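Across the two complexes that follow, subunit A remains constant while its partner is subunit B and subsequently subunit C.
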Partner chain A sequence: MKASTRWLAEHSIAIVSPLVLLGAWEWASATGALREAFFPRPSTIAVHLGQLAADGTLWGHLATTLIRVAWAFALAAVLGVGIGLAMGLWRRLREGLDPVFAVIYPIPSILFLPLVGFLVPPGEIALVVTTAVTSFFLIAFTTTHGVRQIDRLVVEAALHYGARGWRLFTAVLLPGSLPFIFTGLRLGLGFALIVVVAVEIVSSSRGLGALLWLSWQILKVEDMYAAFFVIALVGAVLYYGLAALQARLLPWVQDVADS
Partner chain B sequence: MSFAVPVVLLALWEIASRLAVVSPRYFPAPTTIAWVLVDRFVEGDLGAQSLVTLARLACAFALAAVPGVLLGLLMGIARPVRAAIEPYIAFIFPVPKITLLPFLLIILGVGEPAFVLTGATSAFFQIVISTLGGVQSLDPRLLEAGRNYGAHGARLFRKVILPAALPSIFTGLRLGLGLALVSLVAVEFIAAKSGLGHLVYRHWQMLSTPEMYAAFVLVGALGLALTRGLRALQARILTWQDDPGRL
Partner chain C sequence: MPTATPKVFVNEVSVTFESHGRSVLALDRISLQADAGEFLCIVGPSGSGKSTLLRVLAGLLRQSAGEVRIQADRPGSPLTAMVFQEHALLPWRTVRDNVTFGLENRGVGRAERAARAREMLAMVGLTRFAGHYPHQLSGGMKQRVGMARALANDPEVLLMDEPLAALDAQTRTIMQEELLRIWGTLGKTVVYVTHSLEEALPLGDRVVLLTARPGRVSRVYPVELGRPRRLEVRASPAYGALLETIWAQLREEVVRAMAADRDPDQTGA
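Here is the complex of A and B:
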């Protein structure tokens, strides 16, 4: 069998089954087997999605959400990698911060919204900081673990060859922990999207989460599905795009988040 | 030693709040919060609201765990099933599950089923993926050895595949429980009229900050107890393998 034929044979179910499902949904909604008020036809949803895109509403919300995610991610990445590296290198710092982090980390980030609103100006800044909270912890944890898992033998060998301080850091510690840092960044970005949607539902009139929620409140069901589809698409692109990027940039390591 | 930093931080907060360096209205002293926490737990509804959240969590977890593990195992051993279902799982997995809430609200109406199901879906996909991963990462040599010793079908599954996948399944259940808690609290914050998440929201709106922080602390304690407890349980039950999800 040719490679392409084999690929097709293996993936045929994966390609056909969504098409069948969409077809069945279209048919069921058209004939009334599914209530069209709750399950509008996929073709209707596509039309609404097209309208939202054509009049620019969709792009506005999408841009708002993406900009928020970008700011939150930048904030979480800089602080998370910095503090994570420091915690990995200095035992004292790690032992001091570990219990604080362990208590704060499992708290759902959305609950930080009020607290953050007390600390920084409410509105856009509070929204971004809240979005960054869980990502920060995730990135800091993974980075710390990345530094800690470096083989002691490698570090000792580097020391014997005279690597000290900055050199040791850039030549051994940073490359050694890079796969973990990257995984942390990837998971952190995913979490930023999750949280930003929840925060937008609660406290914003703009953004994809807000579009979804406002569409629900005025029962524009087709727009709800359209918003959901776009959010899902953004999630999938971030998640799988970054996994592919990681495989490309760091080909020598197995994905540490695979398990 | 390891509790020195938290204690110092709390002490600083206490002093700053008492001396009004930070606004005590927004940042009440930790002792005030602790007092309110105990008082509302004994006299007020904090205990009852915690039970509401716990009950929702239990339902959501049960709804996710059983089908999640079964589907993960089935996808692991039956290739066609996996090929047919994996695209959906892969598409939905990275989606924030809170986005399902409005759909469940219109289909099921505003109420417990919609809240619980939103929490359940968060856990479900994690559990499926971890379980599937556990079956897939099975060492082929183990399978061959099992076959050579005459294990086939149900026997092979029970004696080789299931024990090998168990650590991943457990990790999936643990992560799933954590995700279910996160999304349930978010659902309570957004849409429900009860539970710890709603308490934080309500007291935020009323600016009764000590009560808000008390509910906040309880959510944190709940999360910590669940993750730590399950991790300890996992280390105890599954002594033969490293925790694959430990980071």
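Here is the complex of A and C:
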């Protein structure tokens, strides 16, 4: 009880600020300051969201998007962490891949969609691979940096106390880079959602992005906003979820910045 | 003074570094020895290669020439264990797991590791903090963990690289007392590097003074202040006299080191 009260007190601004925003929106739409045809009241949107949930439409789209994000993220995470660690450990590999990555990374990943379609079966797989591209780079970059930023003195001490080879990797190099790997995973997961929704908007009839875009095209503005809110909510849940997971799995990271 | 087999035997050791395509001589034919159970302090201006010498003793760096021998008396014990200047604890391990890190790497069983950790943490007064992470400890406490980690390995020789340099003056004094007490209990051979005579004199049996770069042995001073020694020894006239003698020599080296830093080629700018 006490802990939850304190949590509320500490995070009151984070809770109050979105509510204030919604309240202002509600008021602006109700008084006509915003055109209700394009900015329906949040309360109206909530009613439509309830209908979409009740008739099952929402859950189908939500599940589709989540499954796509999960696959793309899994692909990007496995390859990104693996290659990122290898690049952090071996200078030759890093020097070889760095320029390649630097060239590919800034290209908006949605542009890969048609190209990827020539390499793998278009449709679901092409969508997942395209999405994985941006997340992969984010995760690989942060992982590489994670290995490189480990305190040399700590590594030297570990060597002095007899850590070698695989043991040096599992007991020192991997845990030392984990905070950065986690940051990369959080960024990568967020971008996976962004890109999945973007790809759904341009090339799919299912998923939250498709729901949003199709609703807009037939001017069901309330449904469009409903999809919009669900996407935002999914993003926030994933972001804070991974943060909570990190705090649980890496208890030693929490106050490192303070010390 | 010299015995049949010194615990630490360093003979004509030189270390050369490659730096920007030039080779720099860091240590120049250093010879010294420490007897079993001796507390040997190595003092010198910064850049005199004190830490380099310690790294050679620790096996972290290979000398370019010369010979290093450490007499092994107990099979299975590591030759050296080092207490690092910036503690160098593994942040992702608890205090307990940091202390047993070396034992784990050598394949010592879980029960023995736990017992050794308890014993060492009790010795440095950190029993209550066994489950804490390094970032939750103060600087002095971290350095105690560093000491416990080294001692848990039961090394033939304990190496200490300016272990108290990063601490505030009061904590440093307390830690010196602790160190004297622990050394008195365990009777380990210690090689202790510091730039500070105020640290070396209360602790050491002998003080080896190194010259400015390249590091050579300038002189070796026996510290005849009696044992068991307490920090109050700093008030004695003998301490003051010795401090003054060594400082006169050290001062010259420090001045020379500073001049060399300003003007590396001694040719004028």
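Following the convention adopted for this analysis, the second predicted complex is superposed on the first by the 220 of 259 C-alpha atoms of A that agree within 3 Å, B and C clash if a C-alpha of one lies under 4 Å from a C-alpha of the other, contacts with A are read in each partner's own complex, and residues count from 1 in each chain.
What we mean here is this: contacts are C-beta pairs under 8 Å (C-beta built on N, C-alpha and C of every residue); 3 or more make two chains touch, one makes a residue touch a chain.
The shown structure was predicted, so the numbers you read here are calculated from the model rather than taken from an experiment.
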Note to self: Under the stated touch criterion, which partner chain does A:G176 make contact with: subunit B (first), subunit C (second), both, or neither?
What the structure shows: second
Note to self: Once the two complexes are aligned on chain A, which partner has more residues of subunit A within touching range, subunit B or subunit C?
What the structure shows: B
Check: Is A:L19 in contact with subunit B, with subunit C, with both, or with neither (first, second, both, neither)?
Finding: neither
Check: Which partner does A:A3 contact after superposing on A: first (subunit B), second (subunit C), both, neither?
Finding: neither
Check: In the superposed arrangement, which partner chain does A:L159 touch: subunit B (first), subunit C (second), both, or neither?
Finding: second
Notebook entry, point to check: Counting only touches as set out at the top, which of subunit B and subunit C does A:L238 meet: first, second, both, neither?
Noted result: first
Note to self: Output the subunit A positions appearing in both contact lists, the one against subunit B and the one against subunit C.
What the structure shows: 256, 258-259
Notebook entry, point to check: If you look only at subunit A, which of its residues touch subunit B in the complex?
Noted result: 10-11, 13-14, 17-18, 38, 95-100, 102-108, 110-111, 113-115, 118, 141-142, 145, 180, 190, 193-195, 197-198, 201-202, 209, 212-213, 215-216, 219, 221, 224, 227-228, 231-232, 235-236, 238-240, 256, 258-259
Margin query: Residue numbers of subunit B touching subunit A in their complex, please.
Written below: 1-6, 9, 23, 26-27, 80, 83-88, 90-100, 102-103, 105-107, 133, 137, 168, 171, 178, 181-183, 185-186, 189-190, 197, 200-201, 204, 212, 216, 219-220, 223-224, 226-227, 244-245, 247
Margin query: List the residues on subunit A that touch subunit C in their complex, please.
Written below: 151, 153-154, 156-164, 167, 171-172, 175-176, 178, 250-252, 255-256, 258-259
Check: So in the complex, which bits of subunit C are touching subunit A?
Finding: 58-60, 78, 81-82, 84, 86, 88-93, 101-102, 104-106, 133-136, 149, 153
